[in-house]
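You will see two complexes here that share chain A, one where it goes with chain B and one where it goes with chain C.
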Partner chain A sequence: MRFDKYFEPTTVEECCSILKEYGSDAKILAGGTDVVPRLKNKIWRPKAVVGISKLPDIDTIAVQKDHLVLGAGARLRKISLEKSLEKDYKVIMEAAGNVSSMQIRNIATIGGNACNASPSADAIQGLITMDAIAVITGPEGTREVAIADFFTGPGTTVLNTGEFLLQFKVPAPKPGTGAIYKKFAIRGDTDISIVGVGCRLTLQIDGTIEDARISLAAVAPKPIRAIEAEMLLIGKKLTTELIEQVGEAAANSCSPITDQRATAEYRKEMIRVWTRHAVEEAELRAKSS
Partner chain B sequence: MERMEIKLTVNGRNHTLSVRPDRTLLEILREELNLIGTKKGCDDSNCGVCTVLMDGLAVKSCTILIPQANGHSITTIEGLEKEESLHPLQQSFIDHFAVQCGFCTPGMILTAKAILDENPTATEEDIREGLHGNICRCIGYKKVVESIEAVRDGKYKESCGEV
Partner chain C sequence: MEGLIGKGELRIDAYDKVTGKGLFASDYGNQFPNLAHMKALRSPYAHALIKKLDISKASALDGVIYIMTGYEPGLDWDQFPKASIIAKDETLWAGQIVALVCAETLEIAERAVELIEVEFEKLPAVLDYYAAIDPNAASVIDPEYETRPLGFSDRPGDRASNRVSPNVVGEFKMHAGDVPSAMEEAEIIVEGEFWTGKKTASPMECANAICRYDSDGGITMWSNGAGVHGVIKQGICRILKIKESMVRIIQPYMGGSFGSRLNPYVEVITALMCLRTKKTVSFQFNREEVFTGAPSNWPCITKVKLGAKKDGTIIVNDYYLAEEIGACVNNTFFSGRLSSSGAVPVYRFPNLRMDTCAVATNTVPAAEYRGLGCPEGEFGIECLVNQLADELGMSPVEIRMKNIIDKGERDAFGELITSIGLKECLQSVADAIKVEEMPDQDAGAWKKGRGCAVGGKQNTPLGRSEAEVWYNSDGSIQLFISCDENGMGATTALAQIAAHEFQVPISEVKVTKGDTAITPYDNYSASSRTTYNTGNAVILACEEAISKLKIEVARVYGLHPSKVEIKGRKAILVGSHVQEVDIPSLFAPTSMFTQGNWGLQKGTPVIGHGLFCPAPIHQWDENGLSDRVWNWFQYSAAAVEVAVNEETGQVKVLKIASSADTGNPINPKLVEGQIEGGIHMAIGFSINEEHVFDGNGKIANANLSDYRLPTILDMPTNENVHAFINPDPLPDGPYGAKGMAESITIPVGPAIAHAIYKAVGVRVTGYPMTAERILALINEKKAKEAAK
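Now for the complex of A and B:
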């Protein structure tokens, strides 16, 4: 591991000007749990590393009236244990709590999990399920991008050179909403997901599904939404038959690969199974909300 | 490459170091402060033998750049023992035969301390969940969990001070 300069900007402007000067030769360091191994293994050889932990409010976790603000530097473990999120944003706690081990969650950040853009990343599944908005800043100013559009492929995002992620804004769910993230892995949290499924359902008083989100991890080049499965749900009441169809639709919407963790065929099958579980449990939560 | 001034409190002692920022906390502990109780295993944040406490939270020191630890308080395995008396967790690991080759032990004990400090009534499940990031390839986990449960149950409090 070798780089020339380490910066620790204390204002967003200072951070922007460092990123402008170094361009693609700079790497942002949040928790570092993905960046540091890559520096050590010389996969990345930046000239400058820019630690963002001193930026103002970068580790904010703040529940506001109509949305939740998560600073890009908010630690995953803190999110996973934050009691104020339990009522409306439980799925975000769960997804963050499913990342790796306690030691990693103590240091890894929600922004890092997003910018690392691994298709199997767990924490961002909570954000996709809840329609989070990424707030990005850079030389051209600040812009907002829907989380579902944030990822462009394995390890790549919409961030341009010189830009960085500042925070996520998560809209407060409507009454009657329940959401859950289910991770399937051999060794529990510590392991990388074979598949992961997030589901959010908003129910009307009579039980009709008003809105639905299904997000899938580790079964495509990037985290995806199973939009056809969502469409099947909207406007209907949940039945055993419908749950089967939704599982089938989710399995058909993904394009997994075979690797050391599982074959592509097994992953598709598991998406069918875990989508069913996720939908059923999201409905239970919606009913009790 | 410029050196950087780093202030660290390690096991209660203050250090001011002038080091290159592209080194890890683990390297600084072992190579600059000679605290070799913290081990280097996979060096990739998978195995957990490099676990130390940073401001009381368990972290993997092999994957923390030294500037990230600047200004923070670190506890290593050397910091647990007090005046010739082992920490309750250390004594419990010995009494329960939770050590075979011993390489994972410092990391296991510090993780165990973090688990109990945060939740003094941690269940077996909580303990096992907390230990997920620590891998042992010889003694296994059963005796480790039993050692931690014994400390949780107060069997060591009087002889060994506080957890």
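Now for the complex of A and C:
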């Protein structure tokens, strides 16, 4: 592990200017659970490493009137235990709590989980399910990107050279909303997900589904939404047949690979199974909200 | 004083290990400010030609001391441990060393590895038994196979004749009774083909060695390898041709082995680098290298056909077994005989035919792994015995009680069974799990089932163990031994034996262990033999010291030594004017007036030496039969309750009971620890652990994230783990004890397999029984039912 400079900027402006100076030779360090192994294994050989933990409010977790603010440096374990999220943002707590072991969650951050852009990342599934907005800052100023558009491929995001992720804004859900994230792995959270399924349903008073989100982990080059499955749900009431169809549609919408964790076929089948469970349980939560 | 045998004494190494004060081999690196570091460039391909290997840039890097390649002069690579053979022209598995750098720092060594220019040309590779056994398969083994000398093999018949494929490199055949006729007599026949996955023992400490270049040209090594005398020192002296007096091997605390460190694949090459560079060098494997550069187990493929009478009496077993041994070039070790040995000591097979072989593949060379292939070899038999019970409407317990061999009987080889407590083992686990009853089911996706199985494992007579014991002039005891302490607790058991013999508390015994310059010869700790072999040597050493001490005490009081009894610090005298004497008071202080070259003297211990070696085996006849093929047998039974998820195929062990026939246990607490550890290990390899290969034949899950070792959360909760000891004393064991550590892992897999069948109705034919595989079987069954 070798690099020339380590910076710990205390203002956003300072951070921007360092990133501007070093361009693609700089790597941002938040929790370090993904960056440090890559530095050690020489997968990355940056000239500068920029720690962002000293930036003001970078680790904020703040529930506001119509949205939640999650600083990019908010620790996953803190998010997973934050009582104020329980009412409206439970799925974000759950997804953050599903990442790896407690030791990792103690230092890993929500921004790091997003910028690492692993298709199998759990914490970002909560954000996708809840239509979070990424707040990005850089030399050209600050911009906002919908989380669904944030990822461009395995390990890549819309972040341009010199830009960095500041925070997420998560709109407060409408009444009648329930959301859940289902992680499937052999040894529980410690393992990297074989698949993950997030689901949010907003129900009308009579139980008709007004809005639906289904997000899938580890079954495509990036985290994806199962749009067709969502469309099947909207405007209908949940039945056993519909749940089956939605599972099928979700499985059809993904393009998994075979790797050391599972075969592509098994992943597809697990999407079918866990989409069914996620939809059922999201409805239960929506009804009780 | 009451004896110590059978007492759950606290481990003598517990405090050191729990507090982190104990030193392990790699800790000794701190002693050497100029320690040089080794780093290997390893093949990324399972089979490839080395088209170009240019080390000039790497050699020119400042701080690089030496770079060794397959072209290193003056070596006979065939003599080296397989996993340390540096590739020359051709790599035989992904992970084989292509060049080995020695540099002033680890970082420089790593940079030098990157600077080595190497070009490969990929060749077709065979990665498993099924690919390797094909008659037209790519050959892993050099074409000289037929003409090679058999090296150290002393087993005629290991050379394969009429080879099915170029990768068959050893065979063994035996035939007891008349299998074809018995098959015709059988009223019910069950048969199947079974496979097992390739796994790596994963002790906490990665393989490593530090080798000091001594001022006289000799070497001193600290390593976590096993067998300081028999494996490491003998290996180094034989292969590198240096004098025995110039090699000293020290084994500090070992961070585990499970058999994997019985092969000196780190030590010989590290000693070689030390001698070439005349520097103190360190070779530390990282976790990935433990998978790709250290030996794996050898998976077994079995084809088993059992014939029985309607009443459940098994009369015949027709048994084929293949050991898949990886890239073991010039194999002289494998023939299928080791793994198939488990088929013999458990059941009374009046007719048994074994046809076994070893098959090489382009994977990491195989070596010992807990159980020596018996868990893999017995899996199919146990599965079929369970199936037989199901088809006959018998319980899996009942059918075994009918067929398990009894003490005093001879097994199919013709060996006398002198100790077997297996029926009692089976009964205790079956009762604990209520294996003959069905568990309650609910409507959810998790279905429950119960199953049981048994296993037996031979003990191989593996040469000498020696021990030395000192009765110090203050009455304290010192024990000198060279057996390995892989973590099993044998050192504690041996200290307990010495304490028992001298009738002192175990705290009075100080153990010095594993230093070839100090402690006496012990071949190595393998085949669950330490308590038995070294234990007998310790008793002999104590007896000799006590007998000498009696003579000395008797002289002082004018008695015959038989009139003296030694009880710790005290001697009890019969027929003397003194009834009892404090022995240390008899050791005369050294002064101008009392010095002399006889009698008890302060500071000079009374020394006893013990040597124990089991009887050698007898060469088998043309049918593979002999009345002494192995030494004695350890047994275990297991029963489990599992839950199987019908939607995902996941298998969870909810309850487990395991029982060991240990003979009389020296320390039941340590036995329990071995049982619990064995269960954990077997749950891991039965359900999850296996190598997964990428397109280049490299292990894709060579890390502890994707190679799914069970965590504590994968074990049943404490109240659902039952450990039993059902001893049948071993007549030739110390106080009737025998080894037990390997047997535990044998029955767990087939017990889980049967529990899965009871839960969801699918018969598993191999392990690991991963979620994907179980789900595929469930779906296959559903499709069949739908087609009806």
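In this text, the second predicted complex is superposed on the first by the 289 of 289 C-alpha atoms of A that agree within 3 Å, B and C clash if a C-alpha of one lies under 4 Å from a C-alpha of the other, contacts with A are read in each partner's own complex, and residues count from 1 in each chain.
Going forward, contacts are C-beta pairs under 8 Å (C-beta built on N, C-alpha and C of every residue); 3 or more make two chains touch, one makes a residue touch a chain.
Computed from a prediction, not measured in an experiment: that's the story for all the values here.
Colleague: So in the superposed three-chain picture, is A:Lys169 touching just chain B, just chain C, both, or none of them (first/second/both/neither)?
Modeller: After superposing on A, A:Lys169 lies clear of both chain B and chain C.
Colleague: Does the superposition put A:Lys236 against chain B (first), chain C (second), both, or neither?
Modeller: neither
Colleague: Examine A:Gly188 and indicate which partner it touches, taking first as chain B and second as chain C; both and neither are also allowed.
Modeller: Touch partners of A:Gly188: chain B and chain C.
Colleague: Quick one: is A:Val273 in contact with chain B, with chain C, with both, or with neither? Answer first, second, both or neither.
Modeller: Second partner only, chain C.
Colleague: Let me test your reading of the model: by the given contact rule, A:Lys47 touches which partner, first (chain B), second (chain C), both or neither?
Modeller: neither
Colleague: I'd like to know which partner A:Thr263 touches here: chain B for first, chain C for second, both or neither.
Modeller: So A:Thr263 only meets chain C here.
Colleague: Would you check which partner chain A:Pro37 touches, where first means chain B only, second means chain C only, and both and neither mean what they say?
Modeller: First partner only, chain B.
Colleague: Any idea whether chain B or chain C touches more of chain A?
Modeller: Of the two chains, more chain A residues are contacted by B.
Colleague: Would you tell me the residues on chain A in contact with chain B in one complex that are also in contact with chain C in the other?
Modeller: Common to the two interfaces on chain A: residues 2, 187-188, 190.
Colleague: Within the complex, which stretch of chain A touches chain C?
Modeller: Contact set of chain A toward chain C: 2, 42, 184, 186-188, 190-192, 259-263, 266, 269-270, 273.
Colleague: Along chain C, where are the residues that touch chain A in the complex?
Modeller: Residues in contact with chain A: 107, 114, 647-648, 650, 688, 692, 694, 700-701, 705-706, 708, 710-711, 713-714, 770-772, 775.
Colleague: Which residues of chain B touch chain A in their complex?
Modeller: Chain B reaches chain A through residues 1-2, 4, 21-24, 43-45, 48, 51, 54, 57-60, 63-65, 67-68, 111, 114-115, 129-130, 132-134.
Colleague: Could you please specify the touching residues of chain A with respect to chain B in the complex?
Modeller: Per the touch definition, chain A meets chain B at residues 1-6, 8, 29, 32-33, 36-37, 39-41, 49, 51, 53, 77, 100-104, 106-107, 187-190.
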